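Pasting the structures here.
After this come two complexes, each holding subunit A, first together with subunit B and then together with subunit C.
Let's look at the complex of A and B:
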């Protein structure tokens, strides 16, 4: 049976509607959302209400967590000081707009969802804020999947969709310990073995509401468990409708500029060396 | 090349520290690192901290990092936001928290609060727990994938840790193939790991019944690790 997995909706109603229509057209009735329903975009209530109406099981994303817990929940995801200031602006605007029942809904979202050997999280099994990037160290990627006791880890947060198959590998392990009351390196107990690594898969659903993979189209993925097939899907939507709503809401114009281009490079260029110490 | 001495787990015990310093006189040591757990429920705690700050003539000035016991104390004093010494409380009860609070002078707190989380020296990480957390207890039984992750987080080839109290050296090497599918196509990747090591430095004050005082020496020139025991000090309080 195939399922649809979406992430990072970011209060972009036009994009969410288009992706749900695409899923309906494929005839998929199991949908799972990996969080970040709100933030950046102009329709937080509408998007949360649509997810609630459709009964879509969701994890809590970093923006959902921050809206509930306050900005201190942030482990810092901003690439620059300007991006951080704009993010805070969007945070306060979203917090002021969100209805109480929608806020309660976000507060009640779980950190992760499990379906057999599939684990669904927003960032990583460690944190909603950790980025599992497509080119990350393969051993680290494997550790994140394996430590979560899953065969496949599905995540979002990076806004870049990908499927990373961790295929064949091994680790040679040599352990040395003091033997008895030894005090020198010559009296060591030594053992050695080879650990054959398990086959695992890391899937990133990209972003519905704020794509940053180089295209303006919304992305999500479908996973066919029976046939071991994963498809990354791109969906066109009315970008201008959301861009205009961003400007009408008084949110930073760069959020609409970014939607029109599908990248985050404008903010990266602001202050590439910035490291948030909050 | 002169060696590094790496200690952990003093837990307020000045006599145990002095015994290690005597032991070190036999070695050519250039740098002394203390990987946390400076404080503990020992009456000599303040005297130990004073000695660490102000070594006697001829003694090395120790480079100290914060440990689990130190974190518990700092948390209980309110230096860690809303956190308190919940770990110590859960593991050893309220009496242990009280003993710890009584063992350390308030005047020592500012110095403890300024201890670094760890050091990165050459291609070595020097920490109490791991690059993930001060409470992370790495041992010879830890998952090799987890050990590699802790090395990768600090982008080092050697990680020295004291949290488990165990003396060990785990050497890891290997490779992993993966393929990456994205909208533009599929890429094949191979990741290899050069020989990387996680080293447990032992514990200077494991307690009166838990065995001898242990620490380790490391020669950064030859990459040799020497596990040391201070056998004569068995049974110090």
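Let's look at the complex of A and C:
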């Protein structure tokens, strides 16, 4: 059975509609959303309401969390003062626009969703704000998947879609006993344990509403559980419609310019291992 | 024996870069004078707020300012290389010295700086041939930034947006910018050439508050959104508190005293 996984909608209604139409055309009934329904984009209510109407199970993203928890629930992920100012402006605007029932919907979203051995999160099993980038350290990637007791971890947040297979993983641990427990006065007794791990996968769904993969097209993924197949799909949408909506909403024109050119609204933090320490 | 050159050409053709290269190759004293040009050519487009002169002075600390009358009188010092730079859109009517705009002669005579050679970009083969632009139809804006210090990552984003047309149809951008650690850079970009130049200034300021060197952004283009440029710059510049937050650890590393409030 195949499912569609989308993430990082960012209040971009034209992009969400185009992706849902593509999913419908594929005949997929099961859709899972990895969060960030709002933030930066001009149609937060419309996008939340569309997800609610379609009954799409969703995780809570970092923007969804920030809107509920207050400004800068995590303020450590902005790479520059400029990005932070723009992020704050977008946050205040979104918070001022969001209807109470839509805010409540975002507040009620779970941190993660599970489907058998598939785990769905926004950022990582540790935090909605952690970036799991495609080139991150293999051990860290393996740890994130395995500690979540999953075979496949599906995430978003980076806005760059990818599939990473973690083959032949093993964790080796040396346990060194305290001196009192040693059998010899000169040597500490130690034992070594090795845990061989089966194949793990880390799959990123990219972004529907704010692509960051070098194109303006919306991205999402399909996962065929029966055939162990993953497809990254790119969908064209009416970018100009969203750009005009940005201007009509009174959001900064630079948001429109960046979206039109396939640049994210604000840059992400460069530290792949970044973990919010709130 | 001194050598006095008059270098003319339109904005962005590489006059200052050519002059710097020759100053750096010259073994004796060097002198520089930037002439304003003539208003009938629309030369407000060439106005750089002193950026070129400040950059040359930074790169050649012993450079003589030939606008100074006392220095000018000494311009016949042995082995002096004097470069007089003038923005000029139109091609000279004649080659060599005969092509000097007649209106310049009294100014040069008063400064005792009659050139032995006149080179014009686009005419003389001694100069590099570069694609130059018709600047006379462009808007020109000059934004003072004296004392301003940029958040480095924000500066990178702003410059990227600026030269890629986020704030209007940009043709030329040039700036002296200050970073919190005391470094200064010349940022230079023109639409007809690939990429930006990011040239570090030689003079370092100590990380004690705001720098005193000249700082300015000059842009030329069409339908430039000046308010948006200014607003973005404001979002990129460090407050006193943010600046101190960055400079304090630097002073500790360098074992410099903390300034009194």
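Everything below uses one rule, namely that the second predicted complex is superposed on the first by the 250 of 278 C-alpha atoms of A that agree within 3 Å, B and C clash if a C-alpha of one lies under 4 Å from a C-alpha of the other, contacts with A are read in each partner's own complex, and residues count from 1 in each chain.
The criterion applied here is as follows: a contact is a pair of C-beta atoms (placed from the backbone, for glycine too) under 8 Å apart; a residue touches a chain by one contact, two chains touch by 3 or more.
Bear in mind the structure is a predicted one, so any value in this text is a computation, not a measurement.
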(Q) Quick check on the superposition: with subunit A as the shared anchor, is it clash or fit for subunit B versus subunit C? (A) fit
Q: Go through the superposed model and pick first if A:143 touches only subunit B, second if only subunit C, both, or neither.
A: first
Q. Once the shared chain is lined up, is A:169 touching subunit B (first), subunit C (second), both, or neither of them?
A. first
Q: Specify the angle subtended at the CA centre of subunit A by the CA centres of subunit B and subunit C, expressed in degrees to the nearest 10.
A: 90
Q. Counting only touches as set out at the top, which of subunit B and subunit C does A:83 meet: first, second, both, neither?
A. second
Q. In the superposed arrangement, does A:248 touch subunit B (first), subunit C (second), both or neither?
A. neither
Q) Thinking of the overlay built on chain A, is A:96 touched by subunit B (first), by subunit C (second), by both, or by neither? A) neither
Q. Of the two partner chains, subunit B (first) and subunit C (second), which one does A:25 touch, if any: first, second, both, or neither?
A. neither
Q. Is it subunit B or subunit C that touches the larger share of residues in subunit A?
A. B
Q.
Applying the document's definition of touch, where does A:257 land relative to subunit B and subunit C: first, second, both, or neither?
A. second
**Q.** Where subunit B and subunit C come nearest after superposition, their Cα distance in Å
**A.** 16
Q) Residue overlap on subunit A between the subunit B contact set and the subunit C contact set? A) none
Q. Considering the complex alone, what residue numbers of subunit B touch subunit A?
A. 140, 143-146, 148-149, 152, 166-183, 189, 191, 193, 212, 214, 224-229, 231
Q | List of subunit A residues in touch with subunit B within their complex | A | 134-135, 137-143, 146-147, 160-178, 181-185, 188, 195, 197, 213, 215, 219, 230, 232, 234
Q. Where on subunit C is subunit A touching in the complex?
A. 151, 153-154, 156-158, 161, 164-166, 225, 228, 232, 235-236, 238, 242
Q: Using the touch rule from the top, collect the residues of subunit A that touch subunit C in their complex.
A: 79-83, 85-86, 252-254, 257-258, 261, 267
